[in-house]
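In the two assemblies presented below, subunit A is common to both, partnered first by subunit B and then by subunit C.
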Partner chain A sequence: MSGNTEISYDSMIPNNVGLSSDKRVLKALEKWHPGYIKWWNDLIPKKFQESRVYLRTAVGVDPKGWAKFDYVKMPEYRWGILLAPQVEGRTIPCGEHVGEPAWQEVPGEYRALLRRLVVIQGDTEPASVEQQRFLGQTAPSLYDLRNLFQVNVEEGRHLWAMVYLLHKYFGADGREEANDLLRRSSGSEEAPRMLGAFNEETPDWLSFFMFTYFTDRDGKMQLESLAQSGFDPLSRTCRFMLTEEAHHMFVGETGVGRTIQKTLEVMNEAGITDPFDIQKIREHGVIDLPTLQKKLNLHYTLSLDLFGQEVSTNAANAFNSGIKGRYMEHRIDDDHRLSDATYPVSRFTGDGIQLEDVPALTAMNMRLRDDYTKDASGGVGRWNKMIEKAGVSFTLKLPHVGFNREIGAFAGQPICPEGNVLSQESYDSQVADWLPSTADGDYIQSLMVPVTEAGKYASWIAPPKVGIDNKPGDFEYVQLHMA
Partner chain B sequence: MTEPVKQHLIDPEICIRCHTCENTCPIEAITHDDNNVVVDASKCNFCMDCIPVCPTGSIDEWRVVNTPYTLEQQFDWMELPEQQDLTVSGSESADAGATQAAHPEATGPEVIEALDDNIIALLNEAHSGAGGKARAPATAGKPGINLYNKGRPADAVVQGNFRLTSQTSDSDVRHIILDLGALPFPVLEGQSVGITPPGVDDNGKPHLPRLYSISSPRDGERPNYNNISLTIKREEKGLCSNYVCDLKQGDTVQLTGPFGATFLMPNDNDAKLLMVCTGTGSAPFRAFTMRRQRSAPAGSGNMMLIFGARTPESLPYFGPLKKVPDSLLAKHLVFSREEGKPRRYVQDEILHQQEKVLEFINDGNCHIYICGLRAMEEGVNKAFAEIATASGLNWEDLKRQMRDSGRYHVETY
Partner chain C sequence: MIDFRTDPTTYKHWKIEYAGNVARLAMDVAEDGGLFDGYELKLNSYDLGVDIELADIVQRMRFEHPEIGAVVLHSGKDRVFCAGANIRMLGGAEHAHKVNFCKFTNETRNTYEAAAEDSGQSYIAAIRGACAGGGYELALACEEIYMVDDASTSVALPEVPLLAVLPGTGGLTRVTDKRKVRRDIADVFCSMEEGAKGKKAEQWNLVDKVLPNSKFDEFVTERAAEVAGKSERPAQGVSLGNLQRTLHDDGSLEYDHVRVMLSDDKGVATVTISGPDTVPACVDDIHQQGAKGWALAAARQLDDAILHLRFNELQTGVLIFKTEGDPAAVAAYEQLLLQHRAEDWLCREIMLYWKRVLKRIDVTSRSLVALVEHGSCFAGMLAELLFSVDRSYMMEDEFEDDNRAEASLLLTEGNFGSYLMSNGLTRLQTRFLGQADLLDELKQKIGVPLVASDASECQLVTFNYDDIDWFDEIRVFLEERSSFSPDAMTGMEANLRFAGPETMETRIFGRLTAWQNWIFQRPNAVGENGALQRYGSGSRAEFDRRRV
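Right after this comes the complex of A and B.
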């Protein structure tokens, strides 16, 4: 890099990790950065790269530096490396080292385990941007387009965060892993992303909202438990990432909510009382509630698979070594070692679905999945309140955890959304009632018409109740570049 | 009778229960049950740390109440209660003010600039020159208002008091730097603070507060220090101005506010700013300029300042202003009493810059700000009208249009 094109990383990358005085990491990031920019530029259509998007940028970790809203072209977005402030005297919150001072460096014996966790987390971040790459073309409004890009740039920043940890703490191996994060690509034949759910394209905006509601929530739960890590830099990174993840939860919950809202409004206006009168409802260009239930079934169950096997020695090791805690570990009142505790885990035997107590240490994944289900049910309850308020007789439900699973105790079993074990024939004959069909997908796809006029929304979705950064309804969230 | 207080609430219909605010609050004033996330009015100190981290905007809700809602009441809510009609003692406008507090958004017709009746009256008067309802720029940040009132003022310590005008000038204008210490005092450029001079009037009543524009940007007179600056001219027999201009380093002064929710700058570095001022009317423009300088150091500026004074010696910030690069701010200083030169006023300079001014007012992303002595209004308006008419534009229509879209701002006294 010649002198005058050299990037001043300290001023360009907002960071609170003393990047300018850490020559080794700085050099590593300088080498990695062009690949990242190339990845971003190859991914996002040029039209959007040139557009001015009203984005929130974190330039510091304290609340005052937190949300700077301004128009920015995405390639000029300031991807920072930000760790939540170090807590003085923090101790390892769980496992056999509980109460010992938190590690500021990687403990040698857990090096491989830690690196794997960082890499898996890091791999999901760019993957979701890749999955969502085509959505910009069909955004139902400039408001939604902005939200998509906000999610995208923040996932990009989360990649940065993980890459920083790899460069800073894992030497040559870490650098190689960091490069691989850019080499793998969602849906690729030769180098796919590590987790199955991240290799599926996000085909439409309803899928995007369901994804941010259900799948990003898995990310949130994983981040919550990594925020409990005894490895302090990982904990601090994840704590800050959680603040951004909250926005993704918001996009999902309100996106699905606004879709439901519009359907309810249209049903009431047209005097349609039967929510199952799908044909009639669809004539009005909105998405009927039964189809929304099917989408919910699909995304919830795909996300459940991300929690892995219910009983897992890897998860036990991660907890016992103090690398990964439980959700809200600091609020749980027990010995934080779990040497004798048990936890009920669902099993599938010839007699059906049963709960069985197993050592709690091995049930970490199951426990986190249960916490996830509770967290995910909150928003479903709020959607149901909207439906109730509109006087429509319909209730959205989370399906049974055994339904439509590919990983864990229920993988491949013919279990219906109510949790009953069916014969394979019976299951196969009804599955089209539970999961979206090709025809459902085609219908949703037919609604995906871009709306680019400020303050206007596509037929199938209601405007938000509150603008981003309190902007008025007709605010131009994206100033589209017209080539 | 109890003073109405401002209460911080969370909208349960918008909140997604992510608990980010709860994890951010430095004093654990936010809590939740299975139903709602709520703010404890007895703990909240308006530090605003929770506002930017909320992904939904549900956190930015305020009600003016005689008795704050309890935690139990808030836990039960399915939706926010309406703002109650409160009658605040004093002038008629107070009632409207309290009712409007339910929707403190900067843009709608119900924009509320302050809660205290006499401050509302002062601001309404100051903004009346725009000829209609003042609106904030569409991209302006959301201002915090009335965080401190006369029942609960903020103590600020004087860090510095510097004379801005030459010793030879008969005009004594001061740059006062105030440190807020650990008190949260979030401000936006263009906002004002209230200062009440100590003592009582002839009738034994406390004096009325005076409003002063803040002349420092939102991140502090010095970046990331919790301090603000004011620009204050010593008026002959001026009770408050003499009090403030005589303050010494280390003295404590009580502030109310911040106030003002319309005379703000756009959060858009591409927006053009045309600023016209006289005397201490330069205070908000100093803040605007510093904000641009800090937020877009390499930016093209897009700012033009027409600044009038009697002489260079009596023009506040004459020295520092000359150091601001022209690429950031095109500066046009005019003097009405410069020895041996014809008298020139801001309106003369506006006409002189006709071409440039026309380019600005023709730009849909241009904001005009006029600040200073009321006497300048008429001449300035005429000058704009003349330029507009010459190119076939109807200035009054254009002005109304700009004002309604938050792009024409007047603050005069």
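Right after this comes the complex of A and C.
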């Protein structure tokens, strides 16, 4: 099978996996499709379903031109199944099977483990769409509205990608799991999404940007490590998903950046030099930097929880069996087996926070989380450059990994953003300085007024430097359907 | 040292709410509350400490809360019901501890499983969140199992694929024998790590019903009320309080009615049970005395002593049972309980408790011996000991310088149906398997004191010796017994003790746990590269692929 099979539009589902000749899977997916469309239609308000949105659609896997842009009504979006091209002679990159030919079929022994990983990954994709379902009503511009929908449809496509794997490789059980991906729903009492963080509503646009910067980055790290899988179809699927995921990260980083930019501009215009003069800054309808720091603290730490326990048997099994690698596994210079290696892991004991060397195999989650922290600090540095350039004396910081945690070694511990262990009392009395208060949330909410005129932006956010697909500033990214 | 005594003020892992005739029992295991170091009880996983509390709860439910007709077993944690026995604990435990742990947990499961029929207390499992391995075995021992259908909650027995051991706390047996899951479906279910959720779990009869989250609590509450409504028992229980005992440096143990003495090399323990000083005049007296009354107190003390010896005195290969007191008093006490068991819950519970204690002795893997000495009181429930042990010896005629009353046994009505073994038979039926006429003859002896020659004629004791032979015979026997391989003894005794038909219970103890104990010895599970040792390391187990 060649990875460069042309996109097949002769069936309902664009793909490069030769779906039209794979009657069995095609039939299964066509059965699943109505449920998916129903899910989508129930989720996104009718007004937006009828609107024409300037979206990119994945049409191939050639890095030079994999997508095309055009106006499309979202329910007509062509959610395709696209895998990165097969690499000739690819081998299993890690664990005890390192160097053996990559699996093209699911090894029976690892069926359950693999399926669980695919299901968990799959569960997060529609979850974020569900979390963001109300944001369309308050978009600060058509540009942002379009970006939201772009992220949404691509998360939808990622769901498709995981569902394809379930249908193609996991038999009857896989089909059942694929159906359950549509049964669970973010925040539902009946059947919530699998991971706690994906059951919280995204209440406002700043949260959305923080989410796409921090939480989608967790998704990116997970995809990166699944892209290293010895199960080749999973690896190829995730590699292609990563090309789309980059845009989500971009939406997050530029969204927060544009929020900061507007705040800095307003401060300079109004002659406000003290970034902590919150009241005065807020009078101008922008979001002050200390509040941004609080939002950052919240979303970063919630995302850290998604990496799970620092020491994890499941993660160890997944690595050792060659099902999930480390971030950039191929660039790491070691034996890729880790049979005797150790890795320092955070521990919280009566003596405070300590690092302890544990078998590296069991520390996969911790390692990936460390890589995540490094990856997440890049954008924070760029935001700080903007602040510095504007001459404002303020630095955004990633809080200590022990702060505000609910999972892992630091869960529930009174650790401040600087990483000091406090008394519970002292922690409780200061926590409002570190995490957004209800009042902060109310203020942000008050700024969330929709702006639907092309080229116009809400008070709190600056326009982007460059348009999507190099479109001019007044481009109408969404042709809103007026009922 | 492991102490089995606990009480509600010190529970770490369970929370109970009582409302009318329904109790809600929440499993909420404290991660850092393990009995030993080296593991954390994550995801509501359990170790012996958790089970000791559960056993205490089940026991107190019967005595202190007779008004309870239904117990809803649920999880106090989000998203997990119970992950089963803690694997790191098992991986780190010595073989003997694993075996004893499984036996004790099995006994506790059996106890609350029997509570519905025996005492009108039905346990109902309400599963929300992952329920795996020993977690599902907890549920399997309940009368009814309900589960949330939320596309996540599942029941599973993942021991074989994950750990290369068996779901040994009744799991395999209850799936087929109790839930009546077809054997090929059971094969599928027990080989799948991820288990079954929703409708599939219901179709396979792994649970009684699955319900949407929004209707679940209401349904369970209603169902519990309905089940509890069938039971009619008074609100006034008896308080068990704390069990008092004195443990001496030499390992000997003293309770009010039970004494345990260890031989110098600790190879032999002598358990002496004293009979009642007085016999209650009426049922009211029994209630008045409550936990202090002899029949309840002695059962409790004997129970604790057996558990103590099982877990803390591993080198003690032989347990000798002796009694002292008036056989007629024991028989009269038992008679009062028997007479009122139909209408009085406490009389019934005390009888049932003796039944459980005797069953615990049946499955105790030590050579069991009864010495019927002068001044002893092997009557009624204490006479059952004679039929539980592997051998019994009885003093015949007068012994020099021994002015105690001549040894005599006293059979009662109780010996013919009150203390059924796990095989569903009385100990006498098991002893005289297929000899109904002999049993009929024995019934004629109810209430007749039987001295050694009579007892021997009736085949109720193994040997009777006079004072010429007694001391030497006993000494030689004990020395010989102690020289045998402890493993061969365990195997031989367990085989000889349970003649007759199989029941779910005998299958759990005799097959499931025997196979489990074999697997627990095998390198594929416990070897350096075995699944249990490698669990959590990320490294895959290496199996010796040859079938044995």
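What to note about this one:
Definition applied: the second predicted complex is superposed on the first by the 468 of 483 C-alpha atoms of A that agree within 3 Å, B and C clash if a C-alpha of one lies under 4 Å from a C-alpha of the other, contacts with A are read in each partner's own complex, and residues count from 1 in each chain.
Heads up, the rule we're going with is that a contact is a pair of C-beta atoms (placed from the backbone, for glycine too) under 8 Å apart; a residue touches a chain by one contact, two chains touch by 3 or more.
This structure is a prediction, so every number in the text was calculated from the model and none was measured.
Legend: residue contacts after superposition of the two complexes on their common chain; A:Met249 is shown touching subunit B, with no touch to subunit C. Contact with neither subunit B nor subunit C is seen for A:Leu223 once the two complexes are overlaid on the shared chain.
Once the two complexes are overlaid on the shared chain, A:Phe69 sits against subunit B while remaining clear of subunit C. Contacts of A:Gly379 after superposition: subunit B is touched, whereas subunit C is not reached.
In the superposition on chain A, contact is made by A:Gly467 with subunit B only, not with subunit C.
By the touch criterion stated above, A:Leu165 is placed in contact with neither subunit B nor subunit C. Within the complex formed with subunit B, the residues of subunit A that make contact are 54, 62-64, 66-67, 69-71, 242-243, 246-247, 249-250, 253-254, 378-379, 382, 385, 465-472, 475.
Residues of subunit A touching subunit C in their complex: 96, 112-113, 115-116, 173, 176, 180, 183-184, 189-192, 194, 313, 315-317, 319-321, 338-339, 359, 361-362, 364.
Subunit C meets subunit A in the complex at residues 149-152, 161, 192-194, 197, 200, 212-214, 535-540. By the touch rule above, subunit B contacts subunit A in their complex via residues 11, 13-14, 16-18, 20, 23-24, 48-58, 60, 78, 105-108, 138-139, 141-142, 186, 219, 267-270, 295.
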